[in-house]
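Take a look at the structures below.
Note that chain A is present in both complexes that follow, paired respectively with chain B and with chain C.
Moving on to the complex of A and B:
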């Protein structure tokens, strides 16, 4: 006969955790372990010689406290914020359009989702080929007489404002947002559209007052994923941004790979700053989301 | 509201086929019919949620308005009770302060005062359905369309809400087109009842008239009328050709009007009654009810449902019994 003991009770109580144990161990060993190692590396002291041998603590972070790095933070965070907001808004509009039209045009879904499978490096290369001043679009515009010379085509690659970078990221991230939210929009439409119309609501009113508010936690969550990814991604700004652009992931990679082992703590510190910003933004969003729910709202 | 030859076709299949229907001002019209008969589609068509393939919808005045309430309350989960009720006013462009005042005022009608700040999941099923009704009624529709609004609630709550809505309807004076599959619900509220089969309304009548004269055997069956027997069999039991119009070839009688009789004591006296007949049969099923027993009797390959009064004498299975049938209690109809 089966006898229940204190130990078996405890095991029974926490048996659900066994299912997530492999993922938890993976997170703890690789993510937490790697984070702690990176932190210790970035906090490493450096021996300096002046009159006597001295140990300088937190030297990597101290070196980052300068106007240039602050500007780089502004540029990197600004680009990530622009990409996430623009991708979020464009993805939402495109999803609404797809949900409305996909019943008739299924192939549209495939076109919108295709870029998800293209690597970032390749997407940057594709953008270079088409958006450079010597690229396809400029030659086409010149051939049909829209511009007088190829140089008259707007500078979108290696430009001052990072337009090419933003466009290349959007090309990849808008499909991600669509993939994330369009099934939910489809469900929300089937649940609420009829009721909203019955109360006199137009399509636009239904979207603004019903669909978007209910979708908000997931939509903002998706934009945060895009923000966090763009903040730390390297390939696209490396290929499409100007050399003086100041993208932190590009600068960190250069510090890591080009200036010897002694500069590696700086590269790690740069990435720790980005991770800190990403964590801070995520925490603020989670706080706002919890407050939204704590007021009593539900979405399902 | 008047529907003229309304037809609704979805994906090549005709759901509603040439329906004519008039609903009078202040009337409660109950629409009944089996699942898939097209009741909900008709309601959605009237509400403008599904387009009519052909036909016309006319109003007594130039333009009429409708409100619709479904079986599930369908309250917006991110909005409070007050915001849900005021949703239609917001759509109309009424300023925030005014719509708040109107919605707060309307909460009294709904008996939901002090719940205005709650979210739908914080309400009971009955409260949720009242909010759904309030959300439609605050727009003062000429016709309220109800699609089995209380079907998911338990019996006592359903009866309370029917009573409450009937009072509210009498006070505010709007018309209702009410779809239900509960006969008791239909009988307690309906001015007229329409029976719908296969996309067409087969019969419209006042509740009493509907039971007394079902238009077809199919309707009689749908209304669960007991003891539906062919005229030929009744003729046989009454041992004479019954004096009825030729079209009335079936008759039903309520189980309470069939009386089990003691063969030894009563048979001789009762036989003298010209307007009654005696049927002999075998008891095949016995189950208790609130007033006695419901028994099923087989006689000449016909099944008869009979209710007995009192629990003292328990009918036995396979027992041979006699039943007296009063002729004037039989309702005649056309098969």
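Moving on to the complex of A and C:
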């Protein structure tokens, strides 16, 4: 009897691991394999029958080395970084309030989390509707008397600085961060609040010295998800940014969908650069996280 | 002390109010726009109301019915894929400790952390070579890639909460693996499977780029139907489409809460 349970335990162990296999294979084949296949496509020569095939292998990447594209990288990464940091901070503050207040204001929870279910395409459209110079906010400003003509309202859509883009992203990502971290903050509060009160800590001290350090890995992870998503997303900059804004996903999709098959390697190369940046940022974050853990700060 | 407390209360109130307005206000003009065709600038509310956009939506050129149907088919296929490969994977990850677990976890969650457009371009090229694949199926594969990380993370978390104790008790009483799954784990898992499925369907509904790339722009799901209108700036029609988009999401949310209630009523054991 003892033997059989031991054997069946062993078996169960392997069975459990077997369950991981389909998902793992799926990701390896389609995510990794797809990326590698794309990579091989991007190495294809402009004219496959040309004799200089070998030398032309990296032409797509060589074509990207110019000032305009470097500026585009700056703009895209800058927007993604701004969105992730702003959403991360706002989301953290908001979920702290929510946890403090949620028993009184249940409806706030609903409003603060509703945008998660709404597609980015629609968030872009919503912001176009309210932020345009002829939009709803400008009507408000006129009725209140802040502005006296349509031109007096600041240009926020198709503008130079991407204000509309950032706001539309934040509208989606702040609720995402709240959804992600507020259950954990709730749990942390129920675990640590009394102890920190007993030790004489105020609310803000509890947040600063207990909540934030424990939550940090997850919070930063959430911001990385936002960063990676914003880096690769198409809908919002396509609708809200001006055509010369230089968002790489938009440019890449134009290359991909409008300029024919021979420009496809360029589109892939552009997206590859984005994936590379996200990978790099992620590696740095993981490195920092491991160092953080090695200092003995790991709580769960 | 009192003064600073007061000012911090004011700051808090202001912050919450700003955020609430920021999140909620954009919905209002959307609803208004869908019921009017003309709404010149300084007016806060239009003078004439009409149902034209809603009528257009369900006309032949509006393609709303087609878009909805396609979106549902793809979302349904994506959900099946998630259930089939997501649940065993999260179970395996939550209940076993082994070397390299972190690496496997990282691979499974990779699409969250690295933009996936490149791999979908690659998948599309592969799918062309296997051209027996149905359009719906190949798009669902792309959506599966996008949604699987969310699904696995949700289910994994619940498996961690359930723990191992009940299963060990059942095992020592002679239950088989399948019996344990069906009679112990599945009932405890229902709330998070519902949440995960809700996420999967909503995310699948909202995909624009993966759907476009994978189908070559031919499979008209709702986002693909809406995008040209949104770009052309026909406010009224886009507003109606957007609301049409919310209806299935609200419906799903309703179903989710309903199922959750039925489930919690049936369940005498507290979860977690």
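Here is the rule we go by: the second predicted complex is superposed on the first by the 273 of 300 C-alpha atoms of A that agree within 3 Å, B and C clash if a C-alpha of one lies under 4 Å from a C-alpha of the other, contacts with A are read in each partner's own complex, and residues count from 1 in each chain.
Assume a contact is a pair of C-beta atoms (placed from the backbone, for glycine too) under 8 Å apart; a residue touches a chain by one contact, two chains touch by 3 or more.
Just so it is clear, the model here is predicted, and its values are computed rather than measured.
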| item | value |
| --- | --- |
| Superposition on chain A - do chain B and chain C clash or fit | fit |
| Greater chain A contact set [chain C / chain B] | C |
| Partner chain(s) touched by A:90 [first = chain B, second = chain C, both, neither] | second |
| After the two structures are overlaid on chain A, angle v-u-w for chain B, chain A, chain C in degrees (C-alpha centres, nearest 10) | 80 |
| Partner chain(s) touched by A:57 [first = chain B, second = chain C, both, neither] | neither |
| Chain B versus chain C as contact partner of A:208, first or second or both or neither | neither |
| Partner chain(s) touched by A:192 [first = chain B, second = chain C, both, neither] | first |
| After fitting on chain A: smallest Cα gap, chain B-chain C, Å | 15 |
| Complex interface listing, chain A residues touching chain B | 191-192, 194-202, 205, 209-210, 213-214, 296-300 |
| Chain C residues touching chain A - in the complex, by the definition given at the top | 12, 15-16, 19-20, 22-30, 33, 41-44, 84-89, 91-93, 95-96, 98, 104, 107-108, 110-123, 125-126, 141, 144-145, 148, 152, 171-172, 177, 202, 205-206, 208-209, 212-213, 217, 223, 226-227, 230-231, 235, 238-239, 242, 245-246, 249, 253 |
| Residue numbers on chain A that touch chain C, as the complex places them | 5, 8-9, 12-13, 15-20, 22-24, 26-28, 30-39, 41, 90, 93-94, 97, 101, 108, 111-112, 114-122, 124-130, 134-136, 138-140, 142-143, 150, 171, 174-175, 224-225, 228-229, 231-235, 238-239, 249, 252-253, 256-257, 264, 267-268, 271-272, 274-275, 278-279, 282 |
| Chain A-touching residues of chain B, taken from the complex the two chains share | 44, 47-49, 67-68, 70, 74, 76-78, 80, 87-88, 90-92, 118-122, 135-136, 139 |
